[in-house]
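Report on the structure given below.
Chain lettering (A, B, C and D) follows the sequence in which the chains are written, and residue indices restart at 1 in each chain.
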Amino acid sequence: MENILQLLSNPIVSAVLMALAPLLFILPYALVTIYIEMKMAAHIQNRLAYMQTGWHGTLQPFADILKLLQKEDIIPTAASKFLFILAPYLVFVGTYSSFAVLPFSSAFIGSNIDLGIFFLIAVSSLVVVGLLMSGWASNNKWSLFGALRSAAQIVSYEIPSALAILGVVMVSGTMSTQEMTHFQDGGIGQWIIFGGNLPLWQKLSLIPFMIILFLIYLVSSMAEVNRTPFDIPEAESELVQGYNTEYSGMKFAIFYLAEYANLFLVSAVVVILFFGGWTSPFGTFLSGPVWGAFWFVTKGMLFVCLNIWLRWTLPRLRVDQLMYVSWKVLTPFALLCVLAIGLIVVM
Amino acid sequence: MAAVALYFSDIYRSLRSIVIGMGVTINQMFQPVVTLQYPIEKKAMPERVRNRLYMNFDDCIGCELCANACPVDCIDIEVMKAPATENLGVTSTGQKKRIYVTKFDIDIAKCCYCGLCVYPCPTECLKMTDVYEFSEFDRHNLIYNFSTMTPSEIETAKGKIKVFEEEQAAKKAAAAAQAAAAKAAAPVPPSSPDPSSQTPPPPANPDSGNAQPNT
Amino acid sequence: MTAQEIHDIIKAQFSDAVLEVKIEGARDPFIKILPEKIKDVAQFVRDHAQMKFDYLMCLSGVDYKGKLGVVYHLYSLTHGHKIVLKVEVSTDTPNVPSVESIWKSANWHEREAFDLFGIHFEGHSDLRRILLPDDWEGHPLRKDYEVPEFYNGMKVPY
Amino acid sequence: MIKTTLDIARTSTGKSLRTEEMVVNMGPQHPSTHGVLRLEVVLDGEIVVDVIPHIGYLHRCFEKHCEHMTSYQQVIPYVDRMDYVAAMTNEMAYVVAAEKLLKIEVPERVHYIRIIMAELQRIASHLIAIGTFGIDMGAFTPFLYYFRDREKILDLFEMTCGARLLYNYMWIGGLSHDLPPQFVEKAKQFCVDFKKTMKEVNDLLNYNEIFIKRTANVGVLPKDLAINYACSGPMLRASGVDFDLRRDDPYTLYNKFEWNVIVGKGEVGVVGDVWNRNMVRQNEMWESVRIIEQALATLPEGDVKKAIPKRIRPTPGDAYGRVEGPRGELGFYIVAEDSVTPFRIKARAPAFVNLSVINEISKGAMLADLVAIIGSIDIVLGEVDR
């Protein structure tokens, strides 16, 4: 017993354990989200989706994963082998390391650093490197197209999303994600989308800007995770499957997992930035570390569902229109909002 | 100025159409599903459905009209004309059978389900059923043999035909001899028609140059 | 305009190019044109103000057993009348001037006729096989075409 | 001359920046080529410099097969397989040509039923066209809404002739079956239900701003070019040419009904762009529903098999019959000699002719626009390659 405690208090061991904890969340989350996505898509389209494996097909995601695990892992002859193998892991690492700064509850955060949200912006860009790598290493023109498109897209949308985050940071006065959540503690009225816990006149004048910032961040986060209407890097009707055309088996599964993990990541960031993180919407009612985790995941999943809903509703943009939206619509609006918020906060 | 107005109206219309689209999809989400859980639930087939071809061999008179009508040649028939003395029975429609059908194969893998073979059949022995699940692991299993004649029966039939032909030939020879004896100067009658020919009944208007309506 | 009037105009312009005409009793009245003149006639009927055959409905190659033919079905969107032009060439030297420069729709139709009948359209910008593979031998819709036993070393009825 | 980024780079810097164009094979296996079409696309970045279509991957020797038939009737199952999403109109085109060749007059009821079937088939085909076009644009859901309604049409067909896709229903001189008892009622019900779906998809797809941005002003086909390329059907009408064979070269009793020819008006872009092509299809379905409703209301009695000839042996000669298929002018040129076998059948496939214009209208577009253009032409490769 004492040995175990000693082992746990070893900084390296505890760091490893803390690092593995989000994985325990991501894996079941991905399975659930795959299920939800399929079911939502199906019901939107008057279908039922899978019904045969387990009750209403609940075991189907497991079956899918098993299938992917068993599939032959093909590496094209002309591919650059090392980069080809490295790319999916790099994509996943980029996403996964961002989970370090997600405050799941008041008691759990991977790493409560002061520059939390800044770290998140920086690290999640690592995904681009992985995508470029996979596209180039596949030695497939469609993959290369997809990779270049996704690089252009993610880099462009970093700017409005960073500006949106900047606006929130100005309101909350902190970059630490945990601090930011504490800032919003105390019920639905304290959430940053409603102005946080600032004086009333400031809150009221902040609300319209906050809503715009929220929309900007929502749109650019959708672009960052390559979801419809911004899924041009993997637009199956244009680029076959984009950067992951040549991937199969486990490597494809990792891309898939990274995509879903990324989806939750950006939804969680929306929650942290605008919707109070792990705080309960009812103030102190149903609050506490465990309830906190519940609220955090629930709110995150709501935004994941919103993403799914949009995906099965909207057509896809073209690459130049994508750039138009980023540079000519989102960025100017975000800049204006940041300016206005700055003025309001300073006054 | 117009450009600015366009810029803002674009944003407005985009947001509006997104909201409208989401309204449509969320509304559909609560509509009843239209799909069937196929192997468990099955759709009732309408009366005229055309699926697997079925052939009632007892009624076949070996006319080969179906094989001629088939656009993809999936019906393979071999027939032998039976001796006139042989009684092959009658079909359920009352037609007398005169031909041994030694082979009646339908290659259902080739079949295009057009139903053209069904219409010309004089005894209505071919029909398209509502069975649509008949996949096989071996392609050869999709060749359906409908002929009920066993090889030994075919041999017997061949023997009978041979005997009959010989009898006929003998009769002809006898008749010829008789005729020759009766009228030594008279010309020899033409030989008997080829017994193996099995032409289908002649078409209604063989020498018509143009299409003739039914009535 | 009736087919007779169309014929009269063409006849007046190209008296030596009109070989045969069938208007009475034909399902589609046609005018048979001397092959060498077909392009001029086509240009003429397209640009003539009264005819304005601006729409080439169909261009078909036909093998008349020993002779190859090309049939042009023309229609005028302006006037709503139609006419059929036909040319016939010998199988040995199947050269017909291309009408691609007059009606662009002839481009693929002529390629198809070249592909399946071996009719050579002179002046066509891109006369390649269109439906069959580039290495196919022979022109399958000719009546004397025999199905090859081997294609690229593979036995054909496998 | 298309201004590529290469040209821009040259003119702006004055230096010769050497960049290379990329040649990409789009197809034969590609999600948005609607079959086995192969496009050799020369790309400068995302911009299409040249498109070279290669067809023939689905060539099934339709014309050669026809010359080996033992009767004119046997061609009909093959005709079905030419354009497998609009088999009824194919049959209609063939029987119209054959009846012209044989000089057969068919009873009025046959005409009415043929019109109902052809219009239902037009709706079914346009549903696929718009649905798959939506998929090309990234919107998957409208496709399934339209397929849901297409199933109802196929159910009607199955009830009538026993097949869902390849019907062999229209015969030379008549029809293989008369309408089943509940057909009229069910078809009327379908018309009512279908109008609701069309409105929904208009909201969800056709008037969606993203969709409009993707399709308006893209792949513009000018009027004179459309005529010169002999484009037909929605493609021609979207370019502003008011021409519909059903009205302008009536082949059956279409002039008895009240309906409009839909012409592209350039509501959100210019006339002749991708959006107009799609919208002409969408609005044509309304007109088809109108025709069906009228035909169902005034369906005459009669024997549908009365005029079917027992044996078809036309006098030598040739005939070209054409109908307005969902994709455009579908014509069959039949040459007959004194025989029961057709001497030569040439199919004038609308998709074949419409596709030939792709090189002309996709230069200078972006790769994603090329997908939109292919989708808007509404090709069926079975028909292109025959």
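Convention: a contact is a pair of C-beta atoms (placed from the backbone, for glycine too) under 8 Å apart; a residue touches a chain by one contact, two chains touch by 3 or more.
The structure presented is a predicted model; accordingly, all values stated were derived computationally and were not measured.
Ranked by number of C-beta pairs in contact, the top chain pair is B-D. Distance from the subunit B centre to the subunit D centre is 32 Å, each centre being the mean of its Cα atoms. Subunit B and subunit C, compared by their mean Cα positions, are separated by 39 Å. Note on chain placement: the centre of subunit A and the centre of subunit C lie 62 Å apart, centres being C-alpha means.
Subunit A and subunit D have Cα centroids separated by 43 Å. Listed for subunit A are residues 44-47, 312-314, each touching two or more other chains. Residues of subunit C in contact with at least two other chains: none. In subunit D, the residues touching two or more other chains are 103, 141, 145, 148, 204, 208, 210.
Taken pair by pair, the chains that touch are A-B, A-D, B-D, C-D. Interface residues of subunit B facing subunit A in the complex, by the touch rule stated above, are 7, 11, 18, 21-22, 24-26, 28-35, 37.
On the subunit D side of its complex with subunit C, the touching residues are 55-56, 59, 61, 63-64, 67, 100-101, 103, 225, 227-231, 241, 243, 248-249, 317-320, 322, 329, 331, 333, 335, 344, 346, 348, 352-353, 355-357, 385-386. Listing the residues of subunit A that touch subunit B in their complex gives 40, 43-48, 51-52, 309-310, 312-314, 328-329.
Contacts from subunit D toward subunit A in the complex involve residues 22, 24, 30-32, 46, 134-141, 144-145, 148, 204-205, 208, 210-211, 213-214, 366-369, 371.
The touching residues of subunit D, when paired with subunit B in their complex, are 69-71, 73-78, 80-81, 102-104, 141, 145, 148, 151, 158-163, 166, 168, 172-173, 176-177, 180, 200, 203-204, 207-210, 305-315, 338.
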